[in-house]
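The two complexes that follow have chain A in common; it is paired with chain B in the first and with chain C in the second.
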Partner chain A sequence: MTASKDIVVTNARGLHARPAMQFVDLANSFTSQVTVSKGGPEPIEVDGKSVMQMITLEATQGTQLNLKADGDDAEAAVSKLAELFESKFGEE
Partner chain B sequence: MEIKKGIGVSPGVVISTAVVLDAEDLLIPKRQVDAAQVPHEIARLERAVADSIADLSRLRDSVTLRAGQEVAGIFDFHLGVLRDKSTLRQITDEIKKNQTTPEYAVSTVMRRYANSFLSMSDRYLSERVKDIHDIERRVLRHLIGQKHEDLLHLTSDVVVIAHDLLPSQTAALDRTHVKGFATDVGGRTSHTAIVARAMGIPAVVGLGNLTAEVSGGDTVIIDGTRGVVIINPDADQLVEHREAGAKLERLGTELRELAELPAQTRDGHSVSLQANIEFPEDIDDALLHGAQGIGLYRTEFLYLASETEPSEEVHYAAYTDALRRLNGRPLVIRTLDLGADKYTQAKAQSPERNPFLGDRSIRMCLHDIPMFKRQLRAIMRATVNGDIRVMFPMICTIMELRQARMVLNDVMEELEDEGVAFVRDIPIGMMVEVPSAVIQADQFGKEVNFFSIGTNDLIQYTLAVDRTNEKVAGLFCPAHPAVLKLVRDTIRAGARNSISVSVCGEMAGDPLYTLLLLGLGLNIFSMNGPDIPEVKKIIRSTTMEHARQVARRVMSFDSERQVMHFLREETRKIIPEAF
Partner chain C sequence: MKLKDFIVSEAITAELKATERDGAVRELVTALATAGSVPASAVDEIVAAVIKREQNGSTGFGKGVAVPHVKHAKVKTMVGTIGRSPGGIDFAALDHQPVYTVFLLLSPENQPQQHLQAMNIVFSNLQKDMFRRFLRQAATRDTIADLLDEADQGK
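Showing the complex of A and B:
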């Protein structure tokens, strides 16, 4: 089972160390594989369970990302992870 | 393959696997490991990562309590990077693919991470590179820390490569498996050299940045005779050095045959050749080399070998063990000689500005009477088990000697009150190792039963040279006429007071000075066991008449160069292969 969703990074500092950790911690609580991809001139797809890879996305404010999950809890994973972005990682 | 030239400080050749004690700043060179070693190296890596994670969790918890969740968040990131499966996988892949050490693999992957941060245009993210360095250092510390541990639990023979060996490190070495030393710094009289010679294993010091060029698991040849270290030697070098090692071994066998023969000159004058030891176990080897007793038992290693001060029972057990091994031969116990070089100033509550002129040795003991008494009680109790003599180190003034004797008298009284058996009239002596003791030797001679000249300290305090400081170590020379006069005067003062005099410093074991010391009338030479046969060979090949002539001639010279040149010539006449 797969699920995916497009989101936009809205928090001011983007996906820096702490939000990336929050994302990875949450992603690791699901059994599904989580991948995050960025389009644009240098498209890149990374493992959503690896903090180092998430950081290399360089997802600053305004960046468009695609969340994808593949596994039994794919739906839940995508919707919960998307909520993190919507809540701006509790920053503001 | 790489050849490094240093100073050979203990002869012999050894070919073995290296264990590296890295310096604190972590320079990690690329080093290959055997394919067979790979699983072991990966296990080391996993342990280091797990230990780092444990550290960080503790840190995060305590920081959370003190400074709150927000500040502690930084450790979450560190933890995240280390728990990141792709981190561990990348490092493991490096080890497997390139067969490198985990240290190098960690550095490689962390450098890759750091570069990807640095290339980010977002300044907030690019600053995270500091965290990557931080993570790298933590894991490396754990990796290298494991090696320190490993030194205590060796299962196969190794050679130890270090920046400089600390006395506490050598005290904790597994002596059965360490077969050689090589260090970045040090000189002929450094601690490493002394320990290597006592153990009879090859050592080369002053090799520059050897620790950066060797890594654990490398094959290393240490040629202490020629002062050469070869890293990962080729086949030809292996053959050549194996032959050299075998030849030295044959020479050693010849010299050991001498062990049975008396230390007597051709005209019938006998002297006593004794050994310096650090541990009772050293005695067996010393006796094999022909030692007639122990002229110096350095008891400070009892203190350095453990974290806490040894109890009276630990002392007593060591002394009794030593006496049992000696089987009636004499044992001269030097009371605690800690401080300065042998004591980590870092451990002290307030590090001294000038430790060599500070609270060391007998001074330290007289400042801590309960500790001093524990050792003296153990010594006195052990007197019933064999021939024990006790000597006090670093005596500078007559009052120090009297105070030390008073403490010893107190101890005897206490033992008597308790009904504990001991021998009251054991010989009591002092080390002569500062110029003031020599100048007042006639006064001291009336209050002790023997003198023992500690040439290393005597030279240092006479010539004002720190022998561990490479810049001035060249000035440290036993052949300096001023030093020789002090040695002669001490021997004469001993004769006038009818007490015995020994030399227990490096000079006694250096064949260059054998003729001279013999000619000056020295009765006891105490040295590292392996040096005994060669010194004995010289004594057995000469006459007192010749030795006295040599001494007279030497005492007329005004420079150490003349002295050394002349002694070398005279000794070569007796043993052409000596130098």
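Showing the complex of A and C:
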């Protein structure tokens, strides 16, 4: 089963280390494989369960990302992970 | 952005004397102050801020590297440097392994984009097995600086 959703980074500081870790922690609570991709001039796709890879998205405020999950709990994973972005990771 | 745009080579420390996290952070911030990159009078508070940030979540992301960082009002331009620990340091890393390479990054406040660019370039390089291995083996400041130059040129 696969699920995917487009999201926008809305917190002012973007996807810096702390939010990236929060994302990875949550992603790791699902059995599905999680990938995050960014389009634009330099498209990139990374493993949503690796902090180091997530940082290389260089996702600043306003960046559009696609969350994708593949596995038994794909839908729950995508919806919970998208909520994290919506909550701005508890930031402004 | 390239590593050389913010890594202060004069502050690169090829052999950290400290064997634990807080001492290593202090050594690197002090090296940046000695190089004139941050005010000497601010060393204590910057060290405290970096350690506080580490306590909120280790930046030892695995594979023997840590990227302690903080944004701080006393930092006027983004600067960073590298410390190498031949014996390894306990950085409370996510994989519970010792850290051999410490990338310290200090950012001014209100420059989130620049900070993310720097983190991206640091992590893009740190993900390369060869880069990590060479960095761990580089025994002098010049060797480390050369390695960074090569990374910047995409070698």
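Definition applied: the second predicted complex is superposed on the first by the 92 of 92 C-alpha atoms of A that agree within 3 Å, B and C clash if a C-alpha of one lies under 4 Å from a C-alpha of the other, contacts with A are read in each partner's own complex, and residues count from 1 in each chain.
Here, a contact is a pair of C-beta atoms (placed from the backbone, for glycine too) under 8 Å apart; a residue touches a chain by one contact, two chains touch by 3 or more.
Source: prediction; values computed, not measured.
Asks: Report for A:73: first if it touches chain B alone, second if chain C alone, otherwise both or neither.
Replies: A:73: touches no partner chain.
Asks: Just to be sure I read the superposition right, which of the two partners does A:49 touch: chain B = first, chain C = second, or both, or neither?
Replies: It touches chain B, and chain C stays clear.
Asks: Can you list the residues of chain A that meet both chain B and chain C?
Replies: Chain A residues touching both partners: 13-14, 16-18, 21, 51-53, 55-56, 58, 60.
Asks: Applying the document's contact rule, which stretches of chain A touch chain B when the two form their complex?
Replies: 13-14, 16-18, 20-21, 24-25, 47, 49-53, 55-56, 58, 60
Asks: Spell out the residues on chain A that touch chain C in their complex, using ranges where they run on.
Replies: Within the complex, chain A touches chain C at residues 12-18, 21, 51-53, 55-61.
Asks: Under the definition above, what is the set of chain C residues touching chain A in their complex?
Replies: Residues 56-57, 59, 61-63, 67, 69, 94, 112-113, 115-117, 119-120, 123-124, 126-127 of chain C touch chain A in their complex.
Asks: For the complex, give me every residue of chain B touching chain A.
Replies: Those residues of chain B that touch chain A are 73-74, 76-77, 80-81, 84-87, 113, 116-117, 120-122, 124-125, 128, 131.
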